[in-house]
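Look at the two complexes coming up: chain A is in both, with chain B in one and chain C in the other.
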Partner chain A sequence: MSILEIVGQVVIVLGGLVFLSAALGVIRFPDPYTRTSAVGTAGGIGIVLVTVGCLLVHPSVSDTIKVIAIVVLQLATSAVGSIAIARSAFITHTPMYGPAFTDLEWEEAGEHVADEWGAGIEPGGDSSEGRPD
Partner chain B sequence: MTWLTWPFRFAGFLLWFAWQVVLSNVAVIRDNLTPGQDSSPGIITYVTRCRTDLELTTLGALITITPGTLTLGTSPARGEDDARRLHVHGMYHADAPSLRAELAGIEDRMLHAMRRQGGPA
Partner chain C sequence: MIGIDIGLALLLIACLASTYRMVKGPTGADRAVAADLLLFGIVGIIALIGLKVASPARFDIVLVASVVGFLGALSLARTITRGHR
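Then we have the complex of A and B:
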């Protein structure tokens, strides 16, 4: 067993542990925003560690190209997925758990009712203009 | 001439950003595995200096890829300045200015790396 193989196995297990911690975070973290952040660690560095670990165990030029493609595409798409989940919580005015600071009027006013589209709407404004895009 | 430095600026940014992703992952995983919640969450509306949809989308994705900060959406321009705004959720910043400063750091480096002529100005 070469050094590279051992390092590869360790990196794969590390990636698996990141997935475990992300799953734990979904249960332990208190609101949708922090939970999405916890899942983001698995979708980001978790996949990267597992694929790079596999590359170290069986290194080859063609696999290196594939791993680079996997990492770039995975990071780009998991970011969009995370934004979609977080945005759906945001536009339904889901409250934060124990907010330390906020710029949002509805969060300060304690209005957590999903009756308006999007934040940043001026009170009494035309709601079709305030829809975030 | 700045065209010649562009690939190097871009590569340097990727290296810096990869390191930031590692650091922020460690922060979230540590909070996750230690007892209790030591986060101080908050949402800010960040006024960006992005000029195109591509720059805004990239900035939003970069913010989301670093765990602990999360893009929640964009907001239509309200004033005459026509600035593009992002709503951003942060977990480990004591107050809004420190979160704003971190986003400004990412944005500076990203615009410097993406624009052929360089510089966020």
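Then we have the complex of A and C:
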């Protein structure tokens, strides 16, 4: 058992622990937005760690090129997919959990919120153009 | 090879947790996020089992599965909003 193999197995276990933290977040977090943050960050890093560990256990040149492609694609796409899911949850008015101030109330309250908060802030911004409801 | 077995066990626990959230989740976004995590876990399990059985095509499968998973996440996001953008 070479030193590279041991390092690879340690990296694989680290990736498994990252996945375990994502699973803990999916189980325990209260609303879809926080669950999205858990999955979007941990999913990308977890896959990267597991594949790099697999490469380190049995290294070869052609596998290195494939792993570089996997790492770049995974880091570029996992956050985009998760944020697309969170954005569609926001569009369908999925309620947020218990903060003092939510963006959804800001959009629905409209003018009153602008009067209370004052100072020429447009509530909801330009969301009336592209929003379905 | 004990590290690979530990990694497989951790990924299996993550897949079971996301399956629980996918069955139980109150909204569609919860189920979509859990499906995303389940796909990541399955891809990791594919990589580790391919390492255990010394398959030469394991990184090809992981590459294709991660790209298809990205397209799946985007289409789930479209499905939640019933096609609106």
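Basically, the second predicted complex is superposed on the first by the 100 of 133 C-alpha atoms of A that agree within 3 Å, B and C clash if a C-alpha of one lies under 4 Å from a C-alpha of the other, contacts with A are read in each partner's own complex, and residues count from 1 in each chain.
Convention: contacts are C-beta pairs under 8 Å (C-beta built on N, C-alpha and C of every residue); 3 or more make two chains touch, one makes a residue touch a chain.
From a predicted model like this one, the values you see are computed outputs, not experimental measurements.
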Does chain B (first) or chain C (second) touch A:G53, or do both, or does neither? second
Which holds for A:P30: it touches chain B only (first), chain C only (second), both, or neither? first
Is A:Y97 touching the first partner chain B, the second partner chain C, both, or neither of them? first
Is A:L4 contacted by the first partner chain B, the second partner chain C, both or neither? neither
If you stack the two complexes on chain A, which partner ends up touching A:T41: first (chain B), second (chain C), both, or neither? first
Counting only touches as set out at the top, which of chain B and chain C does A:V72 meet: first, second, both, neither? neither
One more residue to check, A:D63. First (chain B), second (chain C), both or neither? second
With the touch criterion stated at the top, can you tell me which chain A residues are shared between the chain B interface and the chain C interface? 22, 24, 36, 78, 80, 82, 86-87, 89, 91, 130, 132
Contact footprint of chain B on chain A as seen in their complex: 18, 21-22, 24-25, 28-31, 33-34, 36-38, 40-41, 44-45, 75-76, 78-80, 82-83, 86-87, 89-91, 96-104, 107, 118-120, 129-130, 132-133
Within the complex, which stretch of chain A touches chain C? 6, 8-10, 12-13, 15-17, 19-20, 22-24, 26-27, 32, 35-36, 39, 43, 46-47, 50-51, 53-55, 57-58, 63, 66-67, 69-70, 73-74, 77-78, 80-82, 84-89, 91-92, 94, 130, 132
Contact residues on chain B for chain A in the complex? 21-22, 25, 28-29, 32-33, 37, 39-45, 60-62, 64-65, 67-76, 78, 85, 87, 89, 91, 93-96, 99
Under the stated contact criterion, what part of chain C meets chain A in this complex? 1-4, 6-11, 13-14, 16-18, 20-21, 27-30, 32-34, 36-37, 40-41, 43-44, 47-48, 50-51, 54, 58-60, 62-63, 66-67, 69-70, 73-74, 76-78, 80-81, 84-85
